[in-house]
Amino acid sequence: MTPQVQRAALEAPPDLLIDPIVRAALAEDLGRAGDITAQACIDPDARLGAAFVARKGGVIAGLACARLALAALDPAAVFQERVQDGETVEAGAVLAVIEANARAALAAERVALNLLCRLSGVATLTAAYVAQVAGTRARILDTRKTTPGLRILEKYAVRRGGGSNHRFGLDDAILIKDNHVAACGGVGAAIDRARERAGHMVKIEVEVDSLDQLREALARRPTIRRPDVIMLDNFGLDALREAVALTAGQVILEASGGVDLASVRAIAETGVDYISVGALTHSAPILDIGLDAL
Amino acid sequence: MTPQVQRAALEAPPDLLIDPIVRAALAEDLGRAGDITAQACIDPDARLGAAFVARKGGVIAGLACARLALAALDPAAVFQERVQDGETVEAGAVLAVIEANARAALAAERVALNLLCRLSGVATLTAAYVAQVAGTRARILDTRKTTPGLRILEKYAVRRGGGSNHRFGLDDAILIKDNHVAACGGVGAAIDRARERAGHMVKIEVEVDSLDQLREALARRPTIRRPDVIMLDNFGLDALREAVALTAGQVILEASGGVDLASVRAIAETGVDYISVGALTHSAPILDIGLDAL
Amino acid sequence: MTPQVQRAALEAPPDLLIDPIVRAALAEDLGRAGDITAQACIDPDARLGAAFVARKGGVIAGLACARLALAALDPAAVFQERVQDGETVEAGAVLAVIEANARAALAAERVALNLLCRLSGVATLTAAYVAQVAGTRARILDTRKTTPGLRILEKYAVRRGGGSNHRFGLDDAILIKDNHVAACGGVGAAIDRARERAGHMVKIEVEVDSLDQLREALARRPTIRRPDVIMLDNFGLDALREAVALTAGQVILEASGGVDLASVRAIAETGVDYISVGALTHSAPILDIGLDAL
Amino acid sequence: MTPQVQRAALEAPPDLLIDPIVRAALAEDLGRAGDITAQACIDPDARLGAAFVARKGGVIAGLACARLALAALDPAAVFQERVQDGETVEAGAVLAVIEANARAALAAERVALNLLCRLSGVATLTAAYVAQVAGTRARILDTRKTTPGLRILEKYAVRRGGGSNHRFGLDDAILIKDNHVAACGGVGAAIDRARERAGHMVKIEVEVDSLDQLREALARRPTIRRPDVIMLDNFGLDALREAVALTAGQVILEASGGVDLASVRAIAETGVDYISVGALTHSAPILDIGLDAL
Amino acid sequence: MTPQVQRAALEAPPDLLIDPIVRAALAEDLGRAGDITAQACIDPDARLGAAFVARKGGVIAGLACARLALAALDPAAVFQERVQDGETVEAGAVLAVIEANARAALAAERVALNLLCRLSGVATLTAAYVAQVAGTRARILDTRKTTPGLRILEKYAVRRGGGSNHRFGLDDAILIKDNHVAACGGVGAAIDRARERAGHMVKIEVEVDSLDQLREALARRPTIRRPDVIMLDNFGLDALREAVALTAGQVILEASGGVDLASVRAIAETGVDYISVGALTHSAPILDIGLDAL
Amino acid sequence: MTPQVQRAALEAPPDLLIDPIVRAALAEDLGRAGDITAQACIDPDARLGAAFVARKGGVIAGLACARLALAALDPAAVFQERVQDGETVEAGAVLAVIEANARAALAAERVALNLLCRLSGVATLTAAYVAQVAGTRARILDTRKTTPGLRILEKYAVRRGGGSNHRFGLDDAILIKDNHVAACGGVGAAIDRARERAGHMVKIEVEVDSLDQLREALARRPTIRRPDVIMLDNFGLDALREAVALTAGQVILEASGGVDLASVRAIAETGVDYISVGALTHSAPILDIGLDAL
């Protein structure tokens, strides 16, 4: 991942959008009685200095979640970032240092880690895919296969790992899939119908299952009637290469389906522009991070 | 664990608790303009018959989420379960059949699948751990390392996979960990303080890092002052065996730390009562399920 | 705009998105004690048959809001639409007929009308602009100058009036304006920076204030680096014509600024593709509609 | 508008009630990904000095909304009011000056303006009506024909324009209209029933359609059984004058129906106490205000 | 108060306003895991027939809360009222009979009873005060000393017990108290200021601490400038009688302060119009009601 | 109440959980127009110094609610506690002194007092029960008969009064009652079924109605299968004593049913461990506290 690609990614969502997620997570964990262990074992005025420490190496994302979780329980807490989201760290790296009311820090710990570990896991897995395709023109894309309630955070983590974002929801772009094609009576008819009805600020992508469908999509005239992006769904490597040749750069091509770390490089080398990987958000293991008392 | 014990596990949360999660997920996906692809390509009155089909084998959990997602967009939709949560299915199995307004079905599809695949992934991974420890006394436990906002669902999925639930939050039991021990000046002092302050309906668990700490915990007198559960954190197999021998069934023992599918059986064979596995909820890959038009 | 193009506009948002708006409006009007006039003067079991009647002619939008307001207070109420959203009606036209608990109907009346009148006002004003540009290639666009909380409804009303939607929010397309240009050091630099950073599913529009800026925007190479849409802000008619000639159909052109019913036709005749009109949503008078007892 | 009338108006709602409206509006505009244009084109630490400037003359209302919108995205932003709500300004007047994080300022701009322009539009239209009736005893009243979700703000804007508020909702006063009269079997019976049932802290108004109904309302005995206010609905000028003479100051009289800027003075000169104007809130064009970089 | 006056009291709030309170109460009680006892001990499909039975005699209020609590967990449940809110029942009376899913019924039981017992307690205590003043002109009033979150329900219960409602909140009438008088420089000045600023649909009450203050309040001229209601705060019986004589029916008089069941009749016999009793809502013991399986 | 018992109680819930309750209460009281009396009679910049003063003696709980109510309306207000929650005060004691914007202080007053008086009432009644059982082994317990929406606060107040908390909800412990016993076919069967299905961190209590049922509960083998707590429901004093003798300290015993201040000491002297008293939260009169201007 080159530096400018990383810089080019969209920035973190504003605290205004993250804070409600963090507070809901705290409410879920605190329940009705709050942290009864800390209430029993920690003096109300005790202080805790502690560090968020990576137990394994990876790419960090979500430090704002940890900061906001702590601030929600102790508005006067100190939270000093030692790395920034998007940085690659080694096992043992100190990510942030905190100094806060001890009860507040312990009550916020699990929520802070649940978000930070999960988002860093997404960023780390994304970075692994991005590394695999280094030197090709292909970029790694996420999908809408995100955790319900965490989409804005997980898509942010994908960007921090060097990936790009596909649609954020059903409403910000058109993606014509097999059911829509069937309902319209063909790829071409579906594209035409979408072009006619879509707003001028909305991009249109169509999923094709064969080279014939690809040709039908490319054949829309005038060229402005063509889809902006064509998704090549479950194409083999030969078919992908032929699709790239057929398209000749006139439309953005996205490869999709059955992509894993072992297969992604070969797919990238076919010359497609984007490769979408649902696993980035639906199956990323966490990055193990802990909170160590200082 | 015998089959009827598994059936006996706590049931699904009531729709009253699941429905807000599903509706929030739909709102996240629909955004402001809704499913603009379906609006463009599908007639408003078109119908869709479709089936939720497992692409891989595993244990199913979360069919209620799919049902509620569809009902939220088409209250008159038909949703017929063909299997029940907790069942193990083969790849290709039909999980449920639906008949609904086509736009509603397509708009609900991703949310339904995001929840169903994720929860079935948790159930499937849990079942794999449970299978590993078959024949031992050990039960597989989850942790609080759950996805923010989805805890009640993920813990339900663990139960459906044959696992047991640890605490649901910071407020429903006391779990004394290293920071609390340090604050109180020792394992014994921490237990005493918790016993003194905890309500009589609240169980107390203490995490110990060594056999010495275990002995200190077991030495509380009268025996009613002992913790209800002792967590043996990152003990080796020999230490676990010694802990089991020392404890002699007087207190429930939970092994924790660094457990994976390769190591869990050996741990179970030491004789501990419970083995907690964070990965059940923080790193389970999804179970691939799709919605196929009929 | 031909009739089928109007029919092709994006459909109404699902009830799932409208219902919370309607219920919040009812809560605002009912306050704590509810409709104390109806409670004092109407028997609890009295029935009311009534009709929503247009007091003036116009284009109707928002019947679903009226239906949902009534249903929220009397789930068994009958609501029969006599026209559909998007239809042009004469003064005196019956829009819908209801039969419901009388208290519920009277308590829902003002909320139903506040939404229905307001949205029909937006649709009617939009239709007036659309009629002015009939026969030209120009389409009428809305803006983000909508009523806080009602954006999805007002943009729907614009579509029902025959207009098209611009962005739904800050997140679904890029629109580079003067402040962004200044921050980047020029139109071209701003476009380049946005192209580099924007996702591939995101369209980019740039606002230009002069023909020089237009030329700079058109000069990006390769052509895929050009903006998708160029907004000609406050251009005179001659400048608009020159811009259309310069652009030669390579990029979509939107005219913006100081558009009113008197000026819109001349602007449309310059050959621009879109004309955006903030007044559609920020200054539309309501369409007068009442609820008459039968 | 005389100074003491303005002073007499109820003050602005507390921030506690405005802030949720502002934050919901920001969430609506930011969507999931936030302001992607600012993220692409503005450096994260850039600052922006800017001024809210009136593009046309009018009466200002809603500066608190602009302040809170900015503060929600940049809690450290500076917001200095140069005028106060209720002041009449000329085109070009600087209303407030801000200094803030540039991304935050640009992301808050549209929400701030949408509220400020709309409320200032209401205040300005109200002031125009108030000016028309200057020197008469009549005061200008709003109605419940407000924008759903914005009632407390729009009624505040009416006060800032020199108008008075009618009911805030269905629960804070009784207003007997034609349907209630019909249900009770006559104006007198309806008044009696309302008097009998209403709380002692609740005022009662009745709408009458004729002088006969007015006489029936005035005839209630003892006088404490009369309505507090009588609304003369769609009375001609002669009938209004006769109503004023008949009533002789014993009950407050409100004229209603078909009032516009051209007709309001003549109505006021009949001697009525209040004139209610739905257009103040349902059809006020915005006051054009912009945010100019300094 | 005659029976028909009691029937005339304002009716129950619509379900739309009660249901969110009931659902929030259920969420509070169900927590994360729901009713784990019923899950463990009751078969999922078991049915339960049961009756809500009064353990002591009193006035019933809040049956709608019980109905909605049950419906929230079992939409198909049967709930048959045997008495109506406002009825006086003996110990042992069956209030309602239900037939429902057994788990749902048991999970809803406590919330249903918590609301029903509390509201019936308020109604019963109110009825006791009302009975004490029978035959006098005095009516019993509540205050704003209600349980946070339950005001609309508790004020409804007061009406069901035969009492009348004072203000529902700070916004629906003006009540000038000692701090306001001090800020304005005297009772008369405070009344004048309130009259000048209050809307015409808003009643004004002033609290006076002495006969001199009462005289000052009554002396406002013209008479329409007088307060609508005067509260005689902590007046002795002689002072109350003198206040009634002085006022001579020109203004409504409310006695307040130190009222209990022993003292209320003597106060009522002084001739005041209203007597407000904070204890109705802040200190009413519940009416004991249980749910008995049939 | 001995000092260490008080110290042992769980601490106050974090502000994060209290603040939403306080803000909802303020919204309920402010309604739409806010405090119109203060707006009319108090200058916007006026200041108020005032003290919360106990009108009667008792145990204080809920000062945080008063603090948060004031801070919600005036973030810069000064709130100085003069006593702490849990302290017993005499009539006339100053609990806290405030200095704030006068309008904010007056608008927050009623909400602050409604919570503070109610919670102090709960604490005071609890302390009275606790005092009655001084010198016995019995502790006073609350129940789930709390005010909907205020459970966490009322249970906190019970602790401040020296009592202990029973379950916080249906999900944090198992309590087998008569309906569950009936469904399972007996006390023993119900216990067995609950033991089999409950999580290892969940305590189990069973309600018994007779000594025979008690014997059945105690007879579960091995002893770890016995319930953790047995509730003796409506046992007479002799039966309680016999139950204590039978149980011989092997299981915690809770007496329940028909407990009042007159009977509680005799019950305590039977040797039971806990006595639960629904009246603590369902029928506690408030402690009278006022806000006096300084």
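Read from first to last, the chains carry the letters A, B, C, D, E and F; within each, the first residue is number 1.
As a convention for this text, a residue touches a chain if its C-beta (ideal position, glycine included) is under 8 Å from a C-beta of that chain, and two chains touch if they have at least 3 such contacts.
All of these numbers come straight from a predicted model, not from anything done at the bench.
J.: For the two copies chain D and chain A, is the contact made of the same residues on each side, with over half of the numbers shared, or of different residues?
T.: Mostly different residues: under half of the interface numbers shared.
J.: Which chain's centre, taken as the mean of its Cα atoms, is farthest from the centre of chain D?
T.: B
J.: Using C-alpha centres only, name the chain that sits farthest from chain A.
T.: E
J.: Between chain A and chain C, what is the separation of their C-alpha centroids in Å?
T.: 32
J.: Distance between chain C and chain F based on Cα centroids, please, to the nearest Å.
T.: Using C-alpha averages as centres, the distance is 53 Å.
J.: Centroid of chain D to centroid of chain F, CA atoms only: how many Å?
T.: Centre-to-centre distance between chain D and chain F: 45 Å.
J.: Would you please write down the residue numbers of chain B that are in contact with two or more other chains?
T.: 8, 10, 28, 30-34, 36, 39-40, 107, 151, 165, 168-169, 171-173, 196-197, 202
J.: Based on the touch definition given at the start, go ahead and assign the chain network to line, ring, star, complete or other.
T.: Graph shape here is complete: every pair of chains touches.
J.: Which of the residues in chain C end up touching chain E in this complex?
T.: 23, 26-27, 30-34, 36, 39-40, 44, 72-73, 104, 107
J.: Inside the complex, what are the residues of chain D that reach chain F?
T.: The touching residues are 10-11, 13-14, 16-17, 151-152, 155, 165, 168-169, 172.
J.: Any idea which chain A residues touch chain B in the complex?
T.: These residues of chain A touch chain B: 21-22, 24-25, 28-43, 46, 48, 102, 106-107, 110-111, 113-115, 117-118, 121, 144-151, 168-180, 182-184, 190, 193-194, 197-198, 202, 279, 282-286, 293.
J.: For the complex, which residues does chain D have touching chain E?
T.: 4, 8-10, 139, 141, 164-168, 171-173, 193, 196-197, 199-203, 205, 228-229, 252, 273-274
J.: Could you pull out which chain E residues touch chain A in their complex?
T.: 28, 31-32
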